[in-house]
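Take a look at the structures below.
In the two complexes that follow, chain A is the common piece, with chain B as its partner first and chain C second.
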Partner chain A sequence: MSATTYGWLVLAFPLAGCLISAFGWRVLPGRAAGWIGTAAIALAFLSSIGALVALLDKPVQSRELTSSLYSYASAAGLDIKLGILVDPLSVYMILVVSGVSALIHLYSVAYLASDRGYSRYFSYLNFFVFSMLLLVLAGNFVLLIVGWAFVGFASYALISFWYRRHTATRAGMKAFVINVIGDVGLVFAAFFIFRDLGTFDYLSVFHAAPQHFSTNQGVLIAICLLILVGAFAKSAQLPLHTWLPDAMEGPTPVSALIHAATMVTAGVYLIARTHPLFELAPTAADISAFIGLATLIFAATVALAVTDLKRIIAYSTISQIGYMVVGVSIGAYAAGLFHLMTHAFFKALLFMGAGSVISAMAGTQDIDRMGGLRRALPFTSVLMIVGALALAGFPLTSGFFSKDEILVFASNRGGFYWIFTVGGYLAALLTAFYAFRIIFRVFWGEPVPEARELEGGHLAHAEPANPLTGEPEDTDVGFPGPEHHIAERDRPMWLAMATLGVLSIVGGALQIPGLDHVIETFLRGSFLDSRLYESVPSVLADWEGLAVGGAVALAGIAAAYFVYVARPGTSAALARRFRPVHAFLVNKWYFDELYDAVVYRPAIRIGRFSTGVIERVVVDGIVTATVDAVRGIGVVVRGAQSGFVRAYALLLIGGFAGLGLYFLIVSS
Partner chain B sequence: MDITWYVVLSALLFAIGAGGVLIRRSPLVILLCLELMLNASNLALVAFSRAQGNEDGQVFALIVMVVAACEVVVGLGLIVAMFRRRLPLNVDEMRDLRG
Partner chain C sequence: MIQILLWLPVAVGLLCFVVPRRAVPALASAGSLVVLGRAIVSVAEFHTGQPGLQQTVNESWIPDLGVRYQLGVDGISVFLVLLTALLWAGATAFSAFRVPERRRIYFFMLGLAETAALGAFLAQDLLLFVLFFDLMLVPFWFLIGTFGGENRIAATTKMIVYTLVGSLLMLVAAIATAVLASDQVGHLSFSLADLRAHTLSTGSQYWIFCFFAAAFLIKMPAVLVHGWLPDAYRAAPLPVLALLSGVLSKVGAYGFLRVALPLYPQATAHFQEAILVIGVASVLYGSVMAFTQTDVRLIAGYSSIAQLGFITIGIFSLRPEGADGAVLQMVNHGLVVAPVFLIVALLWERAGSEDLGRLGGLAMRAPVLATLFLVVTLATLAMPGSANFIGEFYILIGLFQAKIVYALVAGIGVVLAAYYAIRLFQRTMHNRKPEVIDSREIGPLDAAVLIPLVGCIVALALYPGLILTRADPAAADKVDAVNAGSPPSAPPAAPAPSLTSSAAAR
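== the complex of A and B ==
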């Protein structure tokens, strides 16, 4: 089979899984929906491998294959096909997406086993994977926008999955609204592209762009910035990041899949996909890189202070995506996409571990109430430590190679790009610190009652409560069940975490400077027209960067050890000492309050003004005045309608007589 | 041939008809007066046709007769309907359509 046939199969399996779970929820027994969903994604992963093999058979220059099912619209120069583009970049993405998704489905089979919405969950989750694969396989901007919007909807549906929990529904709406801002940006970008180039097709656009646009032409920069609006809304970069921490209201595997491993990296993919435009508009690319840098430092500082376990990891995700955005914006495409993959491994792993910990704590997410879970959760703690090591960039783990490659590329590019290297290493220090803040706060220290209970062999099941507000919840439909599942006891969770743990450690081996460069070689087929792709740093520079990165990671871990284990109480003392700074970080730099003051309240005020003045006075005034005018004229004219037939006849005859007389007089 | 007398007669008949329509209240008589007006115009048409020496006016007169016949059918039908519903046969009292 050809690579494109595999591409269609990749899309077909998740869609089929989604429909089966959606329509079969009444008849599917027990965990059947979960296994069907997992199998569908696993088959999609196998098809992705098929596409990879088929693509590798072709020479490097001809690895961009397109295929279309039918034409959406074909009129007046507009030709939109339901077409996919199978090239190294999209195959790389579908491998990462379907591979990680399959493991997270496997994890969910057990984790959500006692949830009443089991089939609904897997239907949504399969729909998400379908949308994400559609997004990365799309062969033109229109289909990209379709996938983009589907993904946004799937994210909304899964964040609001426990729909009786009002914090979850609000978080879902917030995510949806901010994602729609991004959709609008992307739609406008596509519109401008069509206006100037007359096509939506990727390959035609990228082929025509260098002839049509001069470097840094205004309209091209506008297009790139509009694309960035879409990318940043989806990837939770400044200033559109506020939805991602709130998205943690969804079930933990959802956070792992959508809000860490796949959907939020769509923006990174988009920038890499449209790299011919960004290379023609270096200004836009630099803006993108600086926003990425700002985001990565901002989010890392917030992760130092917040105490909600999932929100720490969420801010870490925002920060890590900042690295990827910097990477693909400065031209380190292979490195940025490499980090996308390794991040998917270790961040999904961290979220899975967090899910297991939260289950062991009977739903509590606050790390202030955790501690000493190391002996109670031996497997989870080891895997979480592996994930944290990879996140921190501990030498020879996957994050170590991918992160430093971006930063070395930046320093190698010359000019002002050294800023990204310095900022990146600074944030790497913070990253190592907060990664081990999680580990030391959760697994070290004095065991909490739940940990002791679990050591005694009994898993705590508290009364279900909203982890955010502490309000009690009923366990009827639309709420997490009272039962909890931990990795130590459930085989599917165990298997998924173990696989990701291994990948988090050895994933870096795909691209070790001086030894191999599998990803760079493979992705070259999609970046043949890129001027920056080949300008990779020397092996020596790479290893220097890796040495610095390793030292920074070790320093961060050591600092965390000192603060949280060697001298417990240091962090509390620091928080007291620098109370304003701590409050600033705990409140996430007051971004939510800023939006509340700048967007929400003025909007409400405009709305009040509109109902009070425009609606009451202007609109109602126009309507009332029209009615009154018609009625007034009617009163005057109505007198003529007496109802006397003879009066009408007199008027008629008199009128004709008058006319006749007039004409007689005029003509004589 | 002098058509003055024909036209004068026609005008007189028309004036009588018009006066009847305006003065009388019985719908039946109003209908008769309408017929009178139509026939006055017919007379004028035929007279002019003779004076001009072509037949156009006579054709018009025939058409007017047809229209008059139709009108009588409708008008008499209305009057019969009014009578059967025991409505007053007085046009001044039939003024439900006043504004």
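== the complex of A and C ==
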């Protein structure tokens, strides 16, 4: 089979899984929906491998294959086909997406087992994977936007999966609306592209762009900035990041899949995909890189201070995506996409571990109430340490190789790009610190009652309550199920975490400077037109960078050990000493408050003003005047007061009766 | 025969007076289904790729006045006819499951209204169009005034006053057009084809266009002339409201394409920006209002204002893409707004309220209803992947190429739509359920109405090209009439390189 046939299969399996779970919600017994969903994604992963093999058969120059099903909405010169593009970049992405998704589905089979929305969950999750694969396989901007919006919807549906929690529905709404802002950005980017190039098709656009646009032409910068609006809304970069921490309202495997491993990296993919445009508009690319850097440091500082376990990891995700954005914006495509993959491994792992911990804590997510869980959760603690090491960039783990390669590329590029290297290492220090803040706070120290209970062989239970507000909840559909599941006891969760743990450690082996460069070689087929792709740093520079990165990681971990294990209480003292700074960080730099005051409340006020004033005075004023005028006429024909309307109606009916009669006569 | 399509609804309505009382709902439903079948045949027989009229009827009616009984469909109207028949079938069946008192008159009025609406879409004679346009008012006046809720009398009076003003202006304008054109035509003629071939002087076009525009904008309604909408929407029975919002609002937008553009090209070009301002204002104002209301009917009502605003700006982009998108969006909007109002009826039966503050949590016991509503919601907010998105995409890309600033401002409306539509869904289906709500699943009969409607939304989402390819020749023809008829001093629409190739392909 050709690579494109595999491409269509990759899309077909998750869609089929979604429909089966959706329509079979009443009849599917037990965990059937979970296994069907997992199998669908596993098949998609196998098809992705098929596409990879088929693509590798072709010479490097001709690895961009397109295929279209039908003309979806073509008229008036707009040619919009349901078409896919199978090239090294999209194949790389579908491998990562379907692979990680399959494991997270597997984890969910057990984790969500007691939830009454089980079928619905897997239907949504399959739909998400379908959408994400559609996004990366799309062959034109319109289909990209469709996939883009579908993942936004899937994210919405899964964030507000426990839909009776008003915190969850509100978070879902926020995510959805911010994502729509991104969609609109992409739509207008597509409009500009169509206006100037007359096509939506990726390959035609990228082919025509160098001839049509001069470097840094204004319209091209506008296109790139609009693309960035889309990319940053989805990838939670400044200033469109506020939805992602709230998205942690969804079930934890959802956080692992959508809000860490796959969907939020779509922006990175998009920048890499549209690199021919960004390379022609270096100004836009630099803006993108600087926003990535700002996000990287901002989110890392917030992750130092917040205490909700899932939200710490969420800010970590925002920060790590900053690395990727910097990478693909400065031209380190292979390194940025490599970090996308390794991050998917270790961040999904960390979230799975967090899910296990939260289950052991009977739903509590606040790390201030955790501690000493190491002995109660031996497997989870080891795997989370593995994930934290990779996140911190501990030497020879996967994160070590991928992250530092971006930073070395930056310093190698010359000019002001050293800023990204310095900023990146600074953030790496913070990253190592907060990664092990999690580990030391959760697993070290005095065991909490729940930990002791679990050591005694009993999983702690509490009255179901909203972890954010403490409201009591029943466990019917729309709230989490009554039981909790930890990786130690459930084989599917165990298997998923173990696999990701191994990948988090050895994943870096795909790209070791001086030894191999599997990813760089494979992706080259999609970046043949790039000026920057080949400007890779020397092996020596790479290893120097890696040495610095390793040292930074060790320093961060050591600092965390000092603060949380050797001298417990240091962090509390620091928080007291620097109270304003701490408050600033805990409140996430007050972005939510800012948007509330600047966007939401004014909009509501405009609406109220419209209801109260415009509707009443202007609009009703017109009709009152008109009615008065009609009454004036009515005075003239007082004999038939208010009969004006009726007479007119009678006239009309009479006319139509006449019309009918006339035709009866004519036709006879 | 297209005549059957046109006159069958009112004939069935008349039959409702003679059959036994018990049989009336069934007869009306069956009649509406037959009409729907005939409308489907009309679409099936439609030949793609022709800008002109098909399935025409052309008889002399009032020869002394030059009024002809002229009917026909083209790519613009054929799917609107289908939409009308479809929504009428849905609303009639929906009403048949909850039969009102005085059922004979109710179903007769529904039938009469369908004939009037179909007539407005089919008429190819200006006076005939005006007559059908005004005839629609009568049954709706009865339906809301007799079967409506609180304050129905005040609401209908307000609606009638508004629309009558428009109607009378339109009647004057229609007669003036024929009289003024009679010198060139050689005799008095209301035939749209004759009038298009002999357009009036620019000065006459200006005021006549304004009269027509007033009538159409009131009917849609556009912002500032929408004063009748809140009261009428609050008072109308919900199946009637589904038709009012789903079909009648389209007649206004359709009128622009059918009458204003081809007959008054210079005036259309002249007033383009003015109408665009009204359209964009409708988009923004309707959206902002929709997201502060708590009455479910008004949320849907103000969102209609916004959607009709989109359709208006699509037409007045005066680009083929914009006009294609407008035609598609007319069908789309009808397809989504009618189920919304039917679902509101179901909500009312469960909660006894139509206020967001007293609704919520229905999804748990009524997952099928919630899913249907979700699909409708996503289509309403023009989620990419829905036909509504393609409609808005075409509208905005047309406007983008014609007047970029308006397109960018209208883009805000897209974001606002996401907010108010999701809010509507969430506050009814999600969150905690208030104690008083009797949360139960949609019944099989109601499902039999809603599922086909939602099925149409999904089918159209998979292939919006179905409408676009058929609408394109006729819609482009209307737009060309303006662009060709513009005085030479006006800057010609700059053709993008892609357009020349598309024109050749066409």
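Keep in mind that, in the parts below, the second predicted complex is superposed on the first by the 630 of 668 C-alpha atoms of A that agree within 3 Å, B and C clash if a C-alpha of one lies under 4 Å from a C-alpha of the other, contacts with A are read in each partner's own complex, and residues count from 1 in each chain.
Simple rule for what comes next: a residue touches a chain if its C-beta (ideal position, glycine included) is under 8 Å from a C-beta of that chain, and two chains touch if they have at least 3 such contacts.
Keep in mind it's a predicted model, so treat the numbers as computed, not measured.
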Have a look at where A:W543 lands relative to chain B and chain C in the superposition and call it first, second, both or neither.
neither
Touch test for A:W418: chain B only (first), chain C only (second), both, or neither?
neither
More chain A residues in contact - chain B or chain C:
C
What is the contact status of A:W589 with respect to chain B (first) and chain C (second): first, second, both, or neither?
neither
Interface residues of chain A shared between complexes with chain B and chain C
642, 645, 649, 653
In the complex with chain A, residue positions of chain C that touch it:
7, 59, 61, 69, 131, 134-135, 137-138, 141, 157-158, 160-162, 164-165, 224-228, 230, 285, 288-289, 291-293, 319-321, 324, 361, 363-364, 367, 378, 381, 383-385, 389-390, 393-394, 396-397, 400-401, 407-408, 411, 414-415, 418-419, 422-423, 426, 429-433, 463-465, 468-469, 471-472, 476, 496-499, 501-503, 505
Under the stated contact criterion, what part of chain A meets chain B in this complex?
637-646, 649-650, 653
Contact set on chain B toward chain A in their complex:
18, 21-22, 25, 30, 91-92, 94-99
Once bound in the complex, which stretches of chain A touch chain C?
25, 70-78, 80, 120, 142, 145-146, 148-150, 153, 156, 160, 163-164, 166, 169, 172-173, 176-177, 180-181, 183-184, 187-188, 191, 194-195, 198-199, 476-478, 603-604, 606-608, 610-611, 614-615, 618-620, 622-623, 626-627, 630, 642, 645, 648-649, 652-653, 655-656, 659-660, 662-663, 666
